[in-house]
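Next come two complexes, and both contain subunit A; in the first it sits with subunit B, in the second with subunit C.
The block that comes next holds the complex of A and B.
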């Protein structure tokens, strides 16, 4: 049986059919909304998290037998923000390197026994309690996560000298990364 | 081999990164993490290509493992610690690309590093198989990042004091009071490293000596056989006691030496304890398992140290081979004592576990009761099913049927767990030891008697003083062993008399026999100096005085009376 429609016609027809059932494309405003960091979208939650993060006081003292740099590293305060509640914890930084503007970090969460999510969104909070940047960390094994991210130039310059054994100039707020959730403002699915 | 140069590249990156402060841990600790970082971000295309080439076939993968164990481990100065290559291969086997390599399959389960399981109950668990948690322990070189910790918990959190107590107990068992206690226990109740024929000879010998001692103390008088019997008894006792003593001292010395070597190594390293499931431990009941695993880790790292010690070999070879079938629970103190813990659910968990056949528990009532219940039952083709049904009925409701024959070893101290693990406890040896101790005690107490029988002291001479009274005869003898001599008077004027030689003090002090002189009603002589005094040697064995005697001296009454009186 011969068809008078060409392949191109069929494709156009298929596209028209698909467009009928699909949602409208996001607007530029909505796209901008999607790339906004979470602390700008939910400032109240962020302030609350920073407040609780600030309450984490990892007091420890070194009774060192020999002089020199303490090789054990310094735990970093961490607030794990869950769906319903948050958990105060700490992380031990295993690897830290800033090279060519790229920041690479590996850390192990102290909260053993929890079911570790595959990915966390890690927000770095500076000494002034302001968010520095956020990056996605992936589970390696045994509560250990690694991340790699581009750093703002000034921060890269500042952190280039950091050693893993130094007292690190940041605290972490970490949130599990989940499947797509509707954005609060535009109604589109955000990852 | 040049084709594995990529591993050297990684290793040097790791060392350098640690040196400059980008890596927290030393290259060995967290090598999996280090590799992952290097492989993701640092490896060059050439490195990746070479790695891919190595992983192409199982043959090339095995080549890499062989090179790793034979060449690289040696050049990295790890050859002395034999668990490190296994540990590194185990760590690497979990990360890409090694986690996809078939040759790494057996390293993925930390083959050769599994230890005694700890029984850690999950919240609200009343004893499930999952509560029996395998522990792997490895002795590693000290990590600068954790230099203050001697035990590194991996994958779980625990009180540092608990881990330190377990390690201190392990040190005590290698060279300290714990080891001394173990050696003492072994001497009293432990099997000996003898071949079966020698064991039979020794057992028969000791029992025979016991019989000889009983015969000498209570049996009929042996007369002329006394000396041969005493000689045989003394000879046998000397040889057997010397053999027993030499064995104990030699084995104890070797165990002490090996333990000292391990203790020094332990001091220089860190024990990394890995619990299969991530946990935060509440309570200290895993202490005994941690202690045993620390000891096992030290043995596995330096197994050659045990070569000369039969005791260590016996314990650790068995533990090494059968670690998967052992579980332990109990709070351990730094000096190795095992304190009571909640037990019932833990025993239940072990009974339901497929692989656990032995459990070490503190010495407490529940363990003793359960141990009786779990005595291996004789197989009975008729009553067998009934037994199984009966035992199944005893199982708590809601749990799967428990297996029979779980051996429960209630112990007060880690030293006792060594006896259990090494299967060193022997009732026959205890019996032999009891006989040996009794024989030895008798022989020690009877040593002067035995010496006098086998090596008699020279015949004593009659010396002054003589008796100042005409109605007494004093026979003073020049001897330090009066017990073994008697004096016999035979006379035609005086009645015959026999008297023991004794030591007398006071003004007329001497070692003498005092004989009262009685004139015969029908004297055969008129001469008051008529008579002969015999010196006789007597034989004793502890409380037994033998009838047989030997005359070893003869003096006339006239001569004795002529000796100066005081």
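The block that comes next holds the complex of A and C.
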């Protein structure tokens, strides 16, 4: 005789079955490798990217924008690093907030014509050309992305007063997330 | 029982104390960051230090239970400092029973502070000193980081660098259920594994914010769910999700009790299925779930796995309780229809005797 089953029972049964048959978890070493900053993994590529980023003229951003599109503060130089080449561009910061150590940012890329990936890994580069931190940005709409990330304490204090209309103390190197860590880095351990 | 000198020799750790002193701890094991030397104190003073350490530990536990992790951490670190001070090699010794009690306190505090390496050294020292401890349940658990509670493991991965063994243990412990939750959301095995891994990476990037006293399984499930929702929103905004599938949600039938749409008349007894049939049914449920819009999978997961009410789900989506209830009822009807249309598999399932 069949027992009475509600949909909740079915969901919980499926969950238990999925947990029982789950694939092997990634190892701690693999996970720690995955979160290792890319500039530590590929220092030469990072230096090259920073060099190219430094060549971007701030006016470049203005040139890319039409008057109707203008929104936000100063353009921020952006280098979009693809798997094979890179593209010099700029971004308008539309929203910026630092609260309780958390940094929230929304920006619009000026790279018109590109198919916008769902996620970018955004690396913030300081005035001294050093990487400050990186965070993942998610596509919001069109070429607009948003990100939220915990800030290092010193940066959180420094950036607390920043406004969208300020000249921002960073430039960006952005990379599509899927290209962030090639599978060869972690070998078969990674999913 | 071995003399303390013999115990010390067995540990392989340097015997930094003067001859005749009775304590477990070599000088370099001052995990609290406090000076390793202090003037000789009376036994009473040492006991007072221990009592104060215990008081601070209690205060830390109190703070942790109320979610004040910052205060908890301060209390535990201060307590560990005091406990370590009380066992400094240069001070007057305590009775063996009190030494063991002090060792336990030190060990417990080291684990609460996430000092996994220090804890392992203390465990090694204790087991070398009193080999019989190796057979006691408490010490068997202490020796294996895989059996440590989440609180200790999380404490250990918040350190820089994180403790790899602790991270391995925490991942292994929570991976199966996390994967299951991701599978319900994505209805796709590779996507579920990717999502679960992404959730771990997200957590590790901001691991210093983890609360050792919090509900970790719920937290990592929330992180995975939020990542998935972000992706779904992006896809939706990018116009990749069929609008017809989304608009059909507005036509969902309202119902008083969404869970009343039972499946009992088409499902076999889940508890009595043979393995092959379990696998078939799981696959068919996945296929049925995959045909639902992602939003409905999210709502079903929130309602039946998280235990959220329709009102709570409705607030998140800007919809009324009745609408959410209607969505759920509609989703169940869709799943039921898909399962019915999937042929005879369900009907032909045999039960284990």
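Basically, the second predicted complex is superposed on the first by the 132 of 191 C-alpha atoms of A that agree within 3 Å, B and C clash if a C-alpha of one lies under 4 Å from a C-alpha of the other, contacts with A are read in each partner's own complex, and residues count from 1 in each chain.
The rule is simple: contacts are C-beta pairs under 8 Å (C-beta built on N, C-alpha and C of every residue); 3 or more make two chains touch, one makes a residue touch a chain.
Keep in mind the model is a prediction, meaning the values are calculated, not measured.
Student: Once the shared chain is lined up, is A:35 touching subunit B (first), subunit C (second), both, or neither of them?
Tutor: A:35 sits against subunit C, while subunit B stays out of touch.
Student: Touch test for A:80: subunit B only (first), subunit C only (second), both, or neither?
Tutor: A:80 contacts neither subunit B nor subunit C.
Student: Touching A:97, do we find subunit B (first), subunit C (second), both, or neither?
Tutor: A:97: touches subunit B, not subunit C.
Student: Looking at A:6 after the superposition, I want to know if it touches subunit B, subunit C, both of them or none. Which is it: first, second, both, neither?
Tutor: Once the two structures are laid over each other on A, A:6 reaches subunit C alone.
Student: Figure out whether A:155 sits in contact with subunit B (first) or subunit C (second), or with both, or with neither.
Tutor: Touch status of A:155: no partner.
Student: For the three-chain arrangement built by superposition, which of subunit B and subunit C touches the greater number of subunit A residues?
Tutor: The partner making contact with more of subunit A's residues is C.
Student: Which partner does A:141 contact after superposing on A: first (subunit B), second (subunit C), both, neither?
Tutor: It touches subunit B and subunit C both.
Student: Look at A:174 in the shared chain and tell me whether it touches subunit B only, subunit C only, both, or neither; answer first, second, both or neither.
Tutor: Touch partners of A:174: none, neither subunit B nor subunit C.
Student: Which of the two partners, first being subunit B and second being subunit C, lies in contact with A:22: first, second, both, or neither?
Tutor: second
Student: Where on subunit A do the contacts from subunit B and from subunit C line up?
Tutor: Residues 140-141, which sit in both footprints.
Student: Mind pulling up the subunit A residues that touch subunit B in the complex?
Tutor: Residue list for subunit A touching subunit B: 71-73, 92-97, 104, 106, 110, 112-114, 140-144, 146, 148, 163-166.
Student: Of all residues in subunit C, which touch subunit A in the complex?
Tutor: 161-162, 164-165, 167-168, 171-172, 175-177, 179-181, 183-184, 189, 192-194, 197, 200-202, 204-206, 208-209, 230-231, 233-235, 237-238, 258-259, 261-264, 267-271, 278, 282, 285-286, 300-301, 304-305, 332, 335
Student: Note which residues of subunit A are touching subunit C in the complex, please.
Tutor: 1-23, 25-29, 31-32, 34-35, 116, 118-119, 136, 138-141, 149-150, 190-191
Student: Please name which positions on subunit B make contact with subunit A in the complex.
Tutor: The contact residues of subunit B facing subunit A are 17, 20-25, 30, 32-34, 36-37, 40-41, 94-95, 144-148, 154-157, 278-280.
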